[in-house]
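Below: one structure, written as structure tokens.
Going by the order they are written in, the chains are A, B, C and D; count residues from 1 in each one.
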Amino acid sequence: MPATKGLSIETLGLCLWDSPINLPDTGIFTSDDDVMAVKPNLKTLLDQIREGQEPEAFEVAGPREKIYFEPEKVKAAIVTCGGLCPGLNSVIRAVVMQLWHRYGCRYIEGIRGGYLGLSHDKVNNFNGLTPDDVEQIHTQGGTILGTSRGSPPTEEMADSLIAKGINMLFAIGGDGTMRGAAALTREFTKRGAKIAVIGIPKTIDNDIPWVRRTFGFETAVSIAVEAVKAAHVEAECVFNGIGLVKLMGRESGYIAANATLASGDVNFCLVPEVDFDLEGPRGLFASLEKRLTAREHAVIVIAEGAGQKFFGDAIGRETDASGNPKLGDVGAYLRDQIREYFKSRQIAMTLKYIDPSYIIRTHCGNAGDQLFCARLAQNAVHAAMAGKTGMLIGYWHGRMTHVPFHAISGRQKINPAGELWFNVLESTGQPAQFKK
Amino acid sequence: MPATKGLSIETLGLCLWDSPINLPDTGIFTSDDDVMAVKPNLKTLLDQIREGQEPEAFEVAGPREKIYFEPEKVKAAIVTCGGLCPGLNSVIRAVVMQLWHRYGCRYIEGIRGGYLGLSHDKVNNFNGLTPDDVEQIHTQGGTILGTSRGSPPTEEMADSLIAKGINMLFAIGGDGTMRGAAALTREFTKRGAKIAVIGIPKTIDNDIPWVRRTFGFETAVSIAVEAVKAAHVEAECVFNGIGLVKLMGRESGYIAANATLASGDVNFCLVPEVDFDLEGPRGLFASLEKRLTAREHAVIVIAEGAGQKFFGDAIGRETDASGNPKLGDVGAYLRDQIREYFKSRQIAMTLKYIDPSYIIRTHCGNAGDQLFCARLAQNAVHAAMAGKTGMLIGYWHGRMTHVPFHAISGRQKINPAGELWFNVLESTGQPAQFKK
Amino acid sequence: MPATKGLSIETLGLCLWDSPINLPDTGIFTSDDDVMAVKPNLKTLLDQIREGQEPEAFEVAGPREKIYFEPEKVKAAIVTCGGLCPGLNSVIRAVVMQLWHRYGCRYIEGIRGGYLGLSHDKVNNFNGLTPDDVEQIHTQGGTILGTSRGSPPTEEMADSLIAKGINMLFAIGGDGTMRGAAALTREFTKRGAKIAVIGIPKTIDNDIPWVRRTFGFETAVSIAVEAVKAAHVEAECVFNGIGLVKLMGRESGYIAANATLASGDVNFCLVPEVDFDLEGPRGLFASLEKRLTAREHAVIVIAEGAGQKFFGDAIGRETDASGNPKLGDVGAYLRDQIREYFKSRQIAMTLKYIDPSYIIRTHCGNAGDQLFCARLAQNAVHAAMAGKTGMLIGYWHGRMTHVPFHAISGRQKINPAGELWFNVLESTGQPAQFKK
Amino acid sequence: MPATKGLSIETLGLCLWDSPINLPDTGIFTSDDDVMAVKPNLKTLLDQIREGQEPEAFEVAGPREKIYFEPEKVKAAIVTCGGLCPGLNSVIRAVVMQLWHRYGCRYIEGIRGGYLGLSHDKVNNFNGLTPDDVEQIHTQGGTILGTSRGSPPTEEMADSLIAKGINMLFAIGGDGTMRGAAALTREFTKRGAKIAVIGIPKTIDNDIPWVRRTFGFETAVSIAVEAVKAAHVEAECVFNGIGLVKLMGRESGYIAANATLASGDVNFCLVPEVDFDLEGPRGLFASLEKRLTAREHAVIVIAEGAGQKFFGDAIGRETDASGNPKLGDVGAYLRDQIREYFKSRQIAMTLKYIDPSYIIRTHCGNAGDQLFCARLAQNAVHAAMAGKTGMLIGYWHGRMTHVPFHAISGRQKINPAGELWFNVLESTGQPAQFKK
């Protein structure tokens, strides 16, 4: 019978302190031995075991009975990076509340303006955070700490944190932020600095591997549905009306797909995971024309990362400050191409184009996201207090988990042969492919 | 003492029928003698009277005791034209309910797709409307009848209506629609056709003279405020963030001004009524740069009709199907110009541009607009039943009025020396002018 | 030709100071000679004039060119009293902004907890207000100053204000609050204290005479509509379902009537202005039974002040701290009586009772109310700066006006023979009366 | 090595038909061998295996490659029972869409008014459902089919369904509904009737075992948060203000607990799972008094099933038509008791009591619930088509599962020693117990 162990999580040292959490009768501590299989299908598991393999597993997140840090010596810092996303303030709030109320930490700094706030000349801009400062921020969109793209060199960031005496960093952000946090972890290890680095993954696109649901995603879908409704009304009210909505989704079309399903009004859903052609008898245009002939209106939803092939290879090379390749504006492109197509076919139509991205991402989290943000943040604090580092909080089959930064690579994407996409095809009635 | 009379309203003939409205104890009939002064300031009135002038006045709208049409012979038609606006379905609903329940009319047609639905080949596309058809439509945006811009020739529209036996037309739409309705009235008069033509003015911009408030405006402002909030969050969360929102307002900046006041987050409000320069020491750019230096973020709201001088004279000449001159896209222009300005000054900044127009105009009316739409529609029906024609329902100093089509010309605009604009200057802190 | 003059407004003395409001080109000052007729119907006016009467008129509100107070010597205080109402914070915010930014006043106190905050032992609890304190409060319900019912003796309140050097009081509240403000005005006059007392009328019921619309009313109606929708769903989904909603409206049923019209789902609307019987062949119960037989569901809306006769005379005598008579709980009464009636008739039915009052009144103002609150507050400040006192800001036929406290008596009520009630009868289909 | 098998699901017979689902490239079929462990903790699993136990497991839901029913012979019926819950219409919609579009079934009946619609005299009241009928219903609250409590005898229901030729029943409802469905399954088996009975569990309280999340719960929490906000505003704005909110939760306090966490404004959260005393030095009243002394306001949330001990044993015996014991009205009781307590202590305070239950449960599902309802319904249809019966669709660790009716007993409850309750204690600051 093989032993089994979670994906190994780096730690700063032995946990010698008793957790201050000791409410009467609450036996809620989690052990590092509590692990959950990465692939929990029971048949798969039994097969693995039968073949003598050790099933891959995640450590389950939660409060530990013994902790690494003495609470009154904790100097925590929080940073938010990259684009806005519903729930950022909820995460900040819950990290502060958890550190303060549950562990008794009294020194919590907010780093201003993302990783750039860790450059030498900004290091005195930190601002102290107390429960009073954050009590009501969950009802506002954005992040009270500000954000930015890009970062100073890792060494400089490490210098700044060490200079301020920080021993616990909570980094909230996407891909690039997690890479930055991983680099910081290595730098601290190299220097022998006992600083815990914990990531809280933020991606409105919901595209981080091993993290089934990211905060803000559900809120984003609900606002996206409103935009789809607007497009539907515009389309229905005129002859040959087309409503075109561009939604977030650089490499994964989850928002587009889920908004399509939740609204029920979409006829064409285009995502990065499924290639499509515009021209040809089985292309999008022919299908769209057929729809107009039959129903005199159509609603199209496109994820921003879909159809990037129309912008050639050049586009792929430029990147923004976060290191993401700059995308061609496929919404505007499709708008113009559709208009041209129908003009050339001498078919009257009216297209209304809606880009609700900023309205979506500046929203505050809805009640469901509030709860989810709080759980993420609470478990991030538990992990940091236990001296864990070089990891982020994942969400897998309904449990919060510890995931080492190095396990994250690539993107979680929609499986075009899976249930979600199948449901989209069903809901829209669109063919499985738009191919010349 | 001079006699006084309302702006004269055309009528189809004598009112010989008793109104079927006769609930016990309700002495609610309005007489044609009930008029209200166009300029109700008491001092002005007394001065006019002293000088022997007859003060201009509007007939007050309301049910008449005697009516022109025998209810069972009424064949009413409703048409919605031009762009979408919150409350269209509420107006349709209330016209149908009023005709059906209060006057007992049983033949009500919805014309499909605006005035274009009155072309010869569409004349059989009318669809009959009953209370059941419209009972819940006020909770949906758009118009169940569809809409369009442009129209067939007046003669053709008159032919269609006469061919279908219509004797009462409710035309819901903007400027162009009212001009079309006026032309139809003249055509009917010429032909001796006893058909009442009543306009219900629709302009999301709230820019119709003698109509203080148009339906949908209040809803539009409330959704616009949400977009401004999004821009504010985007601006505040990054270094030198600029949130730029383009709002409706072709010739009048009421939505921009009111959204500015209701939100409290706007730093620059640009409207068609107030010219502005971009360059120069007192231009917008210099002021914006100063704001960024001082506060590191800024929110700009611009009405779509502002700054049209930047697009030269050529733009003014092209018109859309409704006869409105095509506007240059001042939102995109300003976005690009601002970016270029700061680039040339080597000042880092991030601009987020939001155009919420379609999201705004597809919304259903809020509770306030529901009530207002119902009052407009009810009074339109009262007027038609009394055989009035060639007029629209106005709203003046809190009363519904009868306004002849010919009295409408030009636009209601913000007075840059008045209270509203003064409040905007106060709220934004912007200078009275941006001038080289 | 008779002269005409507004209802006389008391003033503290001569206005010797130039208004600091002097933006270039803004000729926006209002003169005390600008008056508007209380009854602006033109025919009525001319008749009055013909008969040599002086038409009653209100002073029009607005900024005066000369003011009484030297801005830097202003010591303003704001108090909010009575029940909560959407928009309270918007009014507070606008008073502070107006005083600070437009007039340059720098000493503004918020009195804590209503008039009770003016008792001797609370006098040091005032808190200074600056634009920063109030910038975002309009997005929250309630009042940041707190509120209460009742008050210390007038003398004690006067002592407190004088002790603190206050020379300008803004009292936001209902009936009782305005009576208190009137008493304070008289007390100040008696003592020769030059303190301006300006009321901003608050009544979610919209029942103040000479004030066509009160702030918060529109927001209240919109939330009430949501509750009616809930009642409708409950009623429709079960056999013989009855949804019963109690709404605010002690003496006037405006919220009930307007929610009825805006929702379109109400079958019975009961208000204080229209007496009704429960029993008898033409009573409410018989009508309700008939409705259930025909449609198997019904929605009833009742204003809290309706049907008080069922509680006998005794009830009328007790009063709450604000001096309002305590009402019998007619919602619960009707709920129980209806259940008993159908039980006695052995007719199965399910009644769901909803009382959304606290959810309604704690809402923040919607965009329309934000704008309205701002206008009220701005004009209140203009009036105070001009040394006017003993008055409130009214709203009459679309204009803000000055109304002396003594002109306010009784309640504005729904006219059962007027258009609003007629529309309610029409929308519900209920008979004009429920009478034994 | 032990074999493993899901909790056995009853089937009607062999699946001989090919599934009509065959989109190109979509290998999405699920096999009955796909099972997931009921307790997926890896260590637990390995221990079980080591000890030779067969881990309990659920069949994973999803489309089967071979199906039992020939689609054109399917006669499906849908019934909704018990109290209203957000998302009911979304479930109905998705069942119809799935049957019609994906499997090609053309005979779908809606049973009117819950199980009572299956009594002999109602059997002709079914109404046929097509995609057109249900296309937009997900935007409305309630259920278009109506609902009821109680049911005719099982034999009578079976007679009705057999008489109408139904061979597939989707029963949407709570506990009692699932018991009824189980009884029907046994009756059909007894009679040899090949009728699939599939449950879709509905409980706004989220208290069904083996179903981590039930539809509507998330929406319910989000509306509950609004009510808590109202209570908070009421409490904060007056001296010693207490806001008391009663929320749903007969035996489990999930809504109360989650609303407490999502709002952040609650000071006392009372649920059925945690006993509490009112009196005594460590009772609720003493704690509440202390809170008022310190902060002058308090917000209390109580689940309707909490504190039932205050109503004695008698209450427990009466039941409603669904067989649920009638609860004492603990909200009103607590309201009165608190008032009395402070009166007896001569402490002034103001309590505002809010019961938002009907407003919550009549809401339509939010975007998240729309998606969840669709997945439940789709999998219910897959199960029925495969001839499975006597089961409901569960949700366990992120997967949809098949759960036999007999596995459901008792309630899922909050563990007072678990993380959720711990978080509630943390958020409120309340002691772990209120005990004399």
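Here, a residue touches a chain if its C-beta (ideal position, glycine included) is under 8 Å from a C-beta of that chain, and two chains touch if they have at least 3 such contacts.
Since the model is a prediction, treat every value here as computed from it, not as a measurement.
Counting C-beta pairs in contact across C-D and across A-D gives the higher total for A-D. The chain with its Cα centroid farthest from the Cα centroid of chain B is D.
Chain B and chain D have CA centres that are 47 Å apart. In terms of their C-alpha centroids, the spacing between chain C and chain D amounts to 43 Å.
A straight line joining the Cα centres of chain A and chain D is 29 Å long.
Residue positions of chain B in touch with at least two other chains are not found.
Judged by the touch criterion defined above, the protein chains form a single closed ring in which each chain touches exactly two others. Of all residues in chain A, those touching chain B in their complex are 84, 113, 116, 140-143, 146-148, 226-227, 229-231, 233-234, 236-239, 243, 352-356, 358-359, 362-363.
On the side of chain C, the complex with chain B involves touching residues 1, 4, 23-28, 33-37, 40-43, 45-46, 49-50, 55, 57, 60, 62, 93, 97-98, 101-102, 135-136, 138, 212, 218, 221-222, 225, 258-259, 261-262, 264, 366-368, 370-371, 374, 378, 396-399, 416-419, 421-423, 425-427, 429, 432-433.
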